[in-house]
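These are the structures, in structure tokens.
Look at the two complexes coming up: chain A is in both, with chain B in one and chain C in the other.
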Partner chain A sequence: MSINLVLKGIFSALFLASVLRISTALILPALGGLITDLSGSINISLEGTMLVSAFTGVIVSGFSHNVWLGVLAGIAAGVLFSALLAYFHLYLGTNIILAGTALNILASGGTVFLLFMLTGDKGSSSTLASGVVPTVNIPIIKDIPFLGTVLSGHNIFVYGAFVLAFLINQLLYHTKFGVHLRAVGEDPVAATSVGINVRKTKFVTILVSGFLASLGGLNLSMAYLSSFQRDMTAGRGFIALAAVYLGGRKPWGTVLAAILFGIADALSNQLGTLNIPSQLVQMIPYAITIIALVVYGIRNQQKLIEQTKRFQERELARSKSEQQD
Partner chain B sequence: MKKFFSNPTIREGLRIILAIGAALLLGFIITLFVSEDPIGAYKAFLTGPFTKFNRFGDWIEESITLILVGLSVAIAFKANMFSMGTQGQLVMGALVSGVVALYVPLPAVLRIPLALLCAMLAGFLWGLIPGYLKAQLNANEIVSTLMLNTIAIKIYDYFLVFHIKPEDAGYNVSEKFSVEGQLPSFIPNIPIFNKAYTLFTENTNITIMLYIVILAVIVAYYLVFKTPFGYKLRMIGSNMKFARYGGIDTKKTIILVFAISGVFGALAGAHLTMGIQHCIITNISISMAFEGIIVAILARNNPLYIPITALAYGYLRAGANIMERSSDMSREMISVIQALIILFVTAERILPTVQRVIEEKKEQTSNKENGTLSEGGSNEH
Partner chain C sequence: MAPLVEMHNIVKIYSNGVVANNGVDFQLEKGEIHAIVGENGAGKTTLMKILYGSEQPTSGEILINGEPVVFKSPVDAMKKGVGMVHQNFMQIPSFTAAENVVLGHEPAKGVRLDKKKAIEVTKELSEQYGLFVEPTAITETINVGMRQRIEILKILYLGVEILIFDEPTAVLTPQETKDLFKAVRVLIEKGKTIVFITHKLREVKEISDRVTVMRNGKIMGTMKTADATKEGLARMMVGREVFLDIHKPAMKRGEKVMSVQDLSYVSETGRTMLRDLSFNLYAGEILGVAGVEGNGQTELVEVLTGLRVPASGRAVVDEIEVTGKTPREVRQAGVAHIPEDRLSNGLSLASSIDDNLIVDRFDKPPFKKGLVIDQKVVENNGKKLIKEFSILTPNGELPVSSLSGGNMQKVVVAREFSSDPKILIAAQPTRGIDVGATEFIRDQLVKKRTDGAAVLLVSADLSEVMSLSDRIITMFEGEITGVFPNASKVGEEELGYYMLGVKRQTAEEMEAML
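Up next is the complex of A and B:
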């Protein structure tokens, strides 16, 4: 296959549409990772939360023959699952990383265990006829040649991800809760001293991140695919955490970073036809994240040096003026 | 009795036994609900590793890996560095040791030590990266190590698929190592041990790694508790700012912590390729590194306790495998038990009343013996 053909494939509308679909399962948990990170806790169990929701959604919709009941149950399961994390971390004093690791193990094994008990299969739920959420055709855009293929006809989670990114941005920077959340993450002692309930703020934040991760999970099992597969999240919860840092801990930055991971994923499928090893292509976003960590670290250090300098200058000026008095 | 409970080691031990007991009980309740023959299933789970000789071997082999990944995690965690990098280090160790075992035309006496050393060096270097990122740039070590894990796996797969795998192989696996590249049995092949040698080599893969692991535990213990480096490591672990004000070169120590953690992780990889699989194979024990976290937590990051927790934990894993084969239960039941053990052991305030009673007892005893306090203080210097 020639490079021309591959290039054509990459710049085709279908490719861009597939990037959007693949990225959705990263954007949603990444937003969850972002808010927990900004509130000063790190949600390692995004991966497990996605898995639990993906599983619950398929099982409930499969047995009730109602897609929306499945979606609701999936969300409820995801939020409850993160409530477990929040409770153990905030009330029982478990280190959040260890609690998150435990919950990931629980999710990975627990879903397979229950899947085996309910369907007799350990690999997938394909014997169960579970539902798929509807897709949306955007009225006018769908008729525009290129744009229509890229933007229209996706499932509701794809559009939901972008709406939620907007809402999270509003929440973080334009509401009282958002200010509290960031204050808690910045300096919990200072936040407490001005009367913010740190524990409650963190608890709610973890629940919201669970909600976002659960949508990401449901997107995998009830939209992207139509069944639950063993360990189907395949590390997306961890990639989502990386997207937070790659995106500079900002909502739209995080979304862009998640899309970058999506592009690399879609690209590795395309390049498989050329003789470029897919492993090397798949490595790119991870390497970029490392570079982003470096850039982010250097920037933070410079900020710190500047702050110290300014502080010193201020103090010097003050001591001089005091001497003059 | 009061004194008995106030001993922190005994208190910790009791806590862990209680946690494991509670988790096993809950596991049994689940089995009761799900299994047709719950007693049989649970019996297979709890006694499995002793029912056949090769099952006993599986248990020991797995425990050796668990000890090594446990040490790797414990050293990082002891410094309060939440490195998830053991997986990447293991993969790197497996790749490098495998390449040496496969291609370097030396006799076993030279090839095996060379392979192990190269693996350790690879783990050391791979560990330097997140260490440097953490120490110099304060980069989040969880994210950096998770990224490096995936990169390591991709590098491993790339070399395996494009350079190591024979062209006609259908599956992603290298040629089998020649005998010079395989770790020999832990029993020397000499006439006196003839019977034991054949018994163990026919049924198990317990290799000289057994001795290396014992050595590794001792080295890790001395490193953490008896050397200046270990003192710095523990200081950083208990209070980073205090350590820095105290004049400890925190940056250098942190970088070394990650690198040394990598050495143990890489040895686990070498054990898997040269001791167990005897080839470089795709998807090499991906989840093993996370099990190391459980082993380390149960041992409270103390290298000396890691063999005990690894054996106990390896026993549960081996038991779960046997339970799956001999009953209608699936082995994933054990992940529920695993998760519960972590949560119970690490939840500091899970038994507040019990804790309070113990605290009161501790207070009483410390009031009686004022001398113990100064003794405890002097240990820190």
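Up next is the complex of A and C:
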């Protein structure tokens, strides 16, 4: 295939639509990563949570022949899985990174083990006829050329991701719980001094982040694909964390960063058709993640240095002028 | 009428055995400004922590309006109208002033926060009490004075009647202090009652109605401020029963080894902590720095040892300027440092005793052999120093964290003394350690000085400064207020006056003796 064709592919409505679809599996866990990060605990087990939910959703919907039962079970599994993390970290005092890493390994091995037990296959659940969530055609918009292709006809998770981004934004900045969550993350001592329960706040936050990550996982196995594949999250839980920082720890910033990574992912799909080694192409999303974080880090550092400089100059001047008084 | 607050026979013994309050009786009248003064460690902060619920007394009773109360946490105390204006502000940096004022008790309409209401409430309180704050300003960008006002508004918002200020002026500039005092008077007009912890006698005279002096965990007396003199208060604060008996041979003062010239330092928060400090240090002497903590001593030591960069001025060791150099370069110039915080600056707690003893010299022979460290030499060095400095441990391979405070400090001392320094800067060398180790370290300091090293001794323990030093300088608010060339000839009261800024020598008087 020629480069021309690839370029044509990239600048098409279908490509943009695929960006939205691919980004969904990043936006949802990234929102979960955002709220835990703001509450002062890093949820490193987003990856494992997604995997557990993706698996549970497929298995339950496959055996019960009910899509919605699968989705509910997937959510429940994800929330329970993060409850484990919260319990280890907040009640037993385990380091959250270690506990999260252990849970990720458990999720990766455990899903393969159960998959083999239940379907006799170690790589994929394709022998099991599992459910897929419905897609939504938006009236009027669906008939607009180009825009209709981009925006309409996606699965419910895609729309859900944006609705949830809006809701998380509301939660964080316009509710008591959100304010307490951010206070706990920034200065737990100050939060405690006004009677905020730090542990409870962090616990609930980790559960909500598990809920969001579980939707991300379900999106992979019950919408984007229609089966569970071993380790199908492919690092998305970690890229989601990168999106949190790149997005400046703000909801819409995080969504934008997740979409940027989604573009990289979609791009690697398009370029797969070119005569370039596929391993190189598959590296693109991860390479972009690293580059983006480096650029962000450097920019941030410069900003910090300038801020400090300005502060010192101002304070020195102030102290001098006061001495003269 | 019964006093608003009565504290009866309060005893507080911390789990490490320190007796912070030893049978304290304290009364607070409604509508008064009551100052509590005392040196560091006198027990004043502990007493107030008990009153606002962050510490629980070992025994004793608290009555508010004649009614016994038990506070398990500050939240309990707040409900009974007692609140603390913390010295380290309890605020969320990224929140607005108004958000911090209402934090934990935010006004809301249903689930949604009522941000307008929060701003209104803040404005109202702010106007009512003359505590100006910008409700929508982000807390981390505003100055210390306004942050303190936020702290006050925060507890007023919760409806407290008794406000405890913990050394509120320690972080303020002179202008901000004036503003604070104005606000305190408004609070009194509005019927509040105030406790004011401080060790600045000038402020006691300026602001308080009554004053209580504490020393060694006990109350030395309570009086009307109008009846108290600064001299009388200073005497009550620093009076001391026992003097230490230290064998000290006559001083043989040698050459000038360090010269400090016009040193100034401004802290991150913009406070001038050192103001044009100049003095010389000579071989064979112990120069003691006396002062109430927080008057620039920490900053002085950290500037001299390369841990902070001064705003202006310099320190010269043997014609080499050491200010602005790294701690390592300063050490190479022959300066050893016993830091005041041994746990975070003096030792690596998880590392072995042996390793801690060579952290300043592992890269030099005989410890370095080729590219690696010769463990045999390290071990022998450890053995030798453990014996020489009587560090109580079965062997040198154990982590430092396994030692008691006194033995930890001996490890620091062993390392610093064995580096054969020309200059030894010792900050609070015996703080919080047992009597045996204290005596040992003091003896070692004197020995080092008699052997010809120059020692700069900074200590909050006045009797330590007085009994060890050959020469003493007093520091108050970042300046040298007096110099006493013959330490054995000066009385503690006299020193107290200079430490608390009651008296001050002129630059001309001091010049020849610095």
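What we mean here is this: the second predicted complex is superposed on the first by the 267 of 325 C-alpha atoms of A that agree within 3 Å, B and C clash if a C-alpha of one lies under 4 Å from a C-alpha of the other, contacts with A are read in each partner's own complex, and residues count from 1 in each chain.
Here, contacts are C-beta pairs under 8 Å (C-beta built on N, C-alpha and C of every residue); 3 or more make two chains touch, one makes a residue touch a chain.
All figures in this text were calculated on a predicted structure; none of them were measured in a lab.
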Which superposed partner A:I305 touches (first chain B, second chain C, both, neither): neither
Which superposed partner A:I144 touches (first chain B, second chain C, both, neither): neither
First (chain B), second (chain C), both or neither touched by A:A191: second
First, second, both or neither for A:A234, with chain B first and chain C second: neither
Contacts of A:A183 with chain B and chain C, given as first, second, both or neither: second
Which of chain B and chain C A:T94 touches, first, second, both or neither: first
Which of chain B and chain C A:L106 touches, first, second, both or neither: first
Residue contacts with chain A in the superposition, chain B compared against chain C: B
Intersection of the chain A residues that touch chain B with those that touch chain C: none
Of all residues in chain A, those that touch chain B in their complex: 42, 44, 88, 91-95, 97-99, 101-106, 108-110, 112-113, 116-117, 122, 235, 238, 241-242, 244-245, 277, 279-280, 282-283, 286-287, 289-290, 293-294, 296-298, 300-301
Touching residues on chain B, where the partner in the complex is chain A: 34, 82, 129, 133, 136-140, 142-144, 146-148, 150-151, 154-155, 157-158, 161-162, 290, 293-294, 297, 330, 332-336, 338-340, 342-343, 346-350
Residue ranges of chain C touching chain A (in the complex, touch as defined): 74-75, 78, 86, 89-95, 99, 103-106, 108, 111-113, 115, 154, 173-175, 266, 268-272, 311
Chain C contact footprint on chain A (complex, rising order): 174-176, 179-180, 182-183, 186-187, 189-191, 193-196, 312, 314-316, 318-319, 322-323, 325
